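Both of the next two complexes hold chain A, though its partner changes from chain B to chain C.
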Partner chain A sequence: MRFLHLILRSFLRSKRRTVLTILSIAVSVALVAILQSVLATLDGFANNPDASNRIVVRHKVSITNMLPMRYEEWIRQQPEVDTVMGLQWFQGVYIDRRNFFPNFASEAEYVTAIFKEEIVDYSDTQYRDFLRDRNGCIVGRALADKFGWKVGDVIALQSEIFPLTVRLTVRCIFKSKRPSDEMGLHFHYKLLEEGVFYMKGRTGNFFVRVRHPDDVPKIIERIDRHFRDAVEPTLSETENAFQLEFLKMMGNYTAIIQMITGAVLVAILIVTANTMAMAIRERTTEIAVFRAMGFRTGQLLFLLMGEGILLSVLGGLFGLGLAWVMAGAIRNVAGTFLPYLQNFSIDPGTMALCFQATLGVGLLSTFIPAYRATRRPIVDGLRSL
Partner chain B sequence: MNGDPIIRLWGVAKSYYRETLEIPVLQGIDLDIPSGGYYALMGPSGSGKTTLLNLIAGIDRPTGGDLEVCGFALNGLDDDELAGWRSAYVGFIFQNYNLVPVLTAFENVELPLLLTSLGRRERREKVEAAMERVNLTDRMENYPRQLSGGQEQRVAVARAIVSDPELLVADEPTGALDSKNAEEIMALLEGLNRDLGKTIVMVTHDPKAAHHARHQIHLEKGVLDRTVEVNR
Partner chain C sequence: MALLYAILVPYLAWLTWAALRYPVPLSYNWRSLWQRKVSTCSTAGAIGVVVAIFVVVLSLDQGLSRAFVSSGRGDQAIVIRPNSRVELSSTIERDKMRILKTSPLVVEDATGPLISSECVVVRSLEKADGDGTANVSVRGLEPAGIRMRDQVRLVQGRWITPGLNEMVVPRRMQGRFMGLGLGKKQTFGGRSWEVVGVFDGAGSAFDSEIWVDVVALMQAYRRTMFSSALVRLRSAEQVPGFAQMVDQDKRLKLEVRAEPDYYADQTEAGQPIRILGNLITVILTVGAIFAAMNTMYASVASRTQEIGTLRALGFRQHELMASFQWEALMLCGLGGVVGVILSLGFNGIQTGATNFQTFSDVSFAFLITPALMAKGLAFSLFMGLAGGGLPAWRASRIPLTEAMKGG
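== the complex of A and B ==
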């Protein structure tokens, strides 16, 4: 502790350089924290524990090929199956494409049963109104709040996939455990069947709720085996795997994010190492004087590395603060059109990872110049003695 | 001066190497300096006086011979032991003062005491005593940039004596000072030798400064030329 003031005084020796270095570390750490949080969010999206007993059945060829609605009846007869629902991604645009939110043509009577973990709070009266009104829809609270919708409001959705515009009456507003689950809209499948001739008796997916998660592999195998030789064979997978397929359409995002993270960390390392090397080099004589006075190698390493670690840790903490602010902005802005960013935040694991990374950067960047400075002959360090 | 040698050198040699080329700087130095002595090392540039001072102060190692300073055979100490020895027995005064610019005068003087087990209050007392000795008690909270060259060197002297070392080594202590300040520093060193019995070994080019010492050691091309007593 008696050396602490020496570390602090040296740390503030060149205030401008210190501030600029802290800022550059902070921006880099904020970037790493945001990238890692995006990764964690996407992984969480494809690892939803609430979806552990849900299966998505689709056409084996691709998600754009349709399946006959009659498959539903056979699937429902399987003893392990609790509920089945035909669901079609509608991709309806509300006024402007920027108002994106997920909307589906669903078999209305099964919506709350299939998504009981997501649709947790709603009025029975409103839900009955939704079932009764063929032009009705059920929407999440966050979505309704975003556009100021109230029960009874009429909205138009123009599909980007089908030649159809639906005019829907908001009949039911539900709440979920997570805001991201409140950004969806479901309307009656019949509307799609009636409006688009080639969708009559066909659907893009079946969402299947299995009674027990342990039965999921068995059911997947049985469904696909049963329809293997049909004209439209199926490919069944867990809902999480299905979501992952969507994410994979963005490319190997994990590798991309990890590569960017690695590059940013290397950049911080170089910036900090350069700063510390300069700070130590310009104190060559001073370090030699300290050694002449009797400071040992370990004590000098402690002083010099303490300075480097303080620099990087302050940069790291400031960067995490910055990331926290940025996460709020991402949640409020990007979260409105990318539902899985509704809950975007910097989780404690990512914070710990960033903090450890900055600590590592501080140690790595300072050790080599500090060690070299302490190994240099004293008489070389002193211009003359 | 009590007569017992505090510095003893036997056949000390020092060479530097440029790739495989050996450049001898000191050869066959035999020297005894008694405790309480005040010696000025003199000689032309390149005669090896600074190298000899570095060896005596334990900040460089000889390539030949043995030396014993303050009762320790320096060749037998490793780097950390040598550092510990320096902190206990040697005070340094440099030509360019070499104060730490981001520390106050008080903190600069306190530096050697941070290596001891002394508590904060004891350190303060010792620093204040050292600053009083150099007559700078009113400048303790000043930074080096707020001091004149002479004051900076007096702070450096206070730093050198604060841990009460037996030996003071000074390299051109007046080299960067005007004649008035140089005279003050020399008077200060003389007082430390006379009143506190500090052994002082000083490198200087300045005959006036050397005249303050009791003995002058003349080096010529890396060998001891002669040692003369100063008549006052």
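== the complex of A and C ==
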């Protein structure tokens, strides 16, 4: 580290250039970090460890087809099954479409048993109130805070799927481990069944809690086999696979994001290489003098590369900071139209990935100009300028 | 935005005037750029990549919007249940449909009245690339419904026969999904449906739909209600009148939307792309401006002597500033051209996205329009203005004596 001082000096030789390069690397890295975090966040939904012993049963034809409610009893009788609950995505709009949050018509008595991992902390009296009141609903703390709801407030949800508007009284507010799990609302399934005639005795999905995760494949197979020849055949899958199916709908976005990441990295590579080439060209004479003084090629290469890596590492760190600041804003904006992003944050894995990428860019971009500079005959170098 | 224009427009006007009025020849700048080939190429290359990303992302949105916008006819209207917003969640009872069908405003052609009662369901199909399944809209329609969509052409086979379990599929979907070849069979609603024809929807939303007979579909799905009705009227001016008539009929309680309006609303499906595109654009622009600035500063610094000579020849400070600004514009414009050419490689590639309102897949192509290319180019010039301004200012402020000394 004897040369650290030397590296720093040449690094600060042209402050404006250094600052501009760091800034342009930083914004690009920030973009890469954000895009990659979007992907990582989406992946997280399909890899939820809390859902490991939950199964979702749906109609085999598509998610918009309904299943008869009577299937529930057969599923419940299976010895490995702990609880079953009918659940229907209601897509209710609260005042304005932008106030999006997931809301479900669920069989109230099973909600806490099925979502044990999400609905963690709630008062028993409040929950009893919810069970007693057919117009009641149970909401997450984060959601209640967002709209300033208190227990006893009445909220109206107009469904975009069903010809029905429900007026619900907030009866119970629950807390979870993660704020993103506190964004849901459940109300009595009966309310939907009574309000929409074609929903009588029908539901969109069954959520099944299996006693032991090892039994999950067995149960999935048994349910589908049992209903295979029924008029309404079923398709069962783990909750994670069910989520994955929604994410796959964005399959092409994933490819596009990966492509953009690649292109941005190429752009950073070019920009950094350009800066380093400029910085090194300026110093042709200096490098020749160094070599005349007895510096070896390897040492000079080390000096120049050190400078390039310092440049990209600083840019990368700054960019990650920038991304971290922007993540909060994105959570607020994007969360409203893509519910998956309500939980958006830059996780350490992505940070490490971006950091490695910038390091790689630093190495690659400096190597060629530095290598060429050190290969140049000393006499030529001394003569130029 | 308006403020931005307020600054940019006078500045651009001044630049143009300066180029015409003052004789620092533009060829001088062009040749200077090629003095530093590597630096110029790499900066232009980086800007090119940025512009290409910008154009490609926006072309996705463009393609998606095209799919919806080109779907409607001004003189046709869609009837749906109020508040349902999309056909998929709409329901119309049979007796209401009968009332609609007898409306005096509906136009007739040689075969019969141009009104089609339709039923839309969603079916998951296996993707051709083996990446699981995607949801696809299946539309049940009457023969009139096929005639009413005149942008749709049959390219292979024949149209469906009413009452039979047959389907016609769009050509654009054949490459993206399995089992849609002519003569292949698909099972849904407990029946087997044979592909009897292939059609081309000319880039409209119908390129993402499988068409079957409405009666057969409703029987298979045991549905008693239609989803929507498509109605042809004498002219676009009659749409409000028809809407009023439906509105005043107490038996109906339905909503009428002009077909183009209905599809224009669906372009909301492109919103995630637009937001992503804007985010990327803003961030990358800032980065590219810094890169352009860097190159221009370096270029100014290495030409101190030249600048001194120009000043000594009698060129004035603002003339030099304009000259350097032009050089930055050339540099970035070059990048813009490279970017647009790069992005053209994507034109016409088929892709799909999910319309989250209907949970179904929309097939469309990247569409790079001349307007979009112009936007990309304008965007690169903006980078040139923003990135070249400060270095140009600096070039014009170098004291003459210092410049003559050679810095």
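In the analysis below, the second predicted complex is superposed on the first by the 367 of 385 C-alpha atoms of A that agree within 3 Å, B and C clash if a C-alpha of one lies under 4 Å from a C-alpha of the other, contacts with A are read in each partner's own complex, and residues count from 1 in each chain.
What we mean here is this: contacts are C-beta pairs under 8 Å (C-beta built on N, C-alpha and C of every residue); 3 or more make two chains touch, one makes a residue touch a chain.
Note that the coordinates shown come from a computational prediction; the quantities given were computed from them, not determined experimentally.
Asks: Which partner does A:Lys177 contact after superposing on A: first (chain B), second (chain C), both, neither?
Replies: Neither: A:Lys177 stays clear of chain B and chain C.
Asks: Tell me the contact category for A:Arg228 with respect to chain B and chain C: first, second, both or neither.
Replies: neither
Asks: In the superposed arrangement, which partner chain does A:Ala292 touch: chain B (first), chain C (second), both, or neither?
Replies: Only chain B; A:Ala292 stays clear of chain C.
Asks: Could you look at A:Arg132 and tell me whether it touches chain B, chain C, both or neither (first, second, both, neither)?
Replies: In the superposed model, A:Arg132 contacts neither chain B nor chain C.
Asks: I'd like to know which partner A:Arg13 touches here: chain B for first, chain C for second, both or neither.
Replies: first
Asks: Once the structures are superposed on A, label A:Lys200 by its partner contacts, choosing first (chain B), second (chain C), both or neither.
Replies: A:Lys200: touches no partner chain.
Asks: Between chain B and chain C, which one contacts more residues of chain A in the superposed model?
Replies: Counting contacted residues of chain A, the larger count belongs to C.
Asks: If you stack the two complexes on chain A, which partner ends up touching A:Lys190: first (chain B), second (chain C), both, or neither?
Replies: In the superposed model, A:Lys190 contacts neither chain B nor chain C.
Asks: Once the two structures are fitted together, what part of chain A is touched by chain B and by chain C alike?
Replies: none
Asks: Looking at the complex, which residues from chain B come into contact with chain A?
Replies: Chain B residues touching chain A: 50, 53-54, 57, 59-60, 79-80, 83-88, 90, 92, 94-96, 98, 100-103, 107, 111-112, 114-115, 159, 169, 171-172.
Asks: Touching chain B in the complex: which residues of chain A?
Replies: Residues 2-3, 5-6, 9-10, 12-13, 285-286, 289-299, 377-379, 382-385.
Asks: Can you list the residues on chain A that touch chain C in the complex?
Replies: 16-17, 20-21, 23-28, 30-31, 34-35, 61-65, 158, 160-163, 198, 231, 245, 248-253, 256-257, 260, 263-264, 266-267, 270-271, 273-275, 277-278, 330, 333-334, 337-338
Asks: So in the complex, the part of chain C that touches chain A is made up of which residues?
Replies: 38-39, 42-43, 45-46, 49-50, 52-53, 57, 60, 81, 83-85, 88-89, 91, 121-124, 131-135, 188-190, 221, 225, 271-273, 275-276, 279-280, 283-284, 286-291, 293-295, 297-298, 351-354, 356-357, 359, 361
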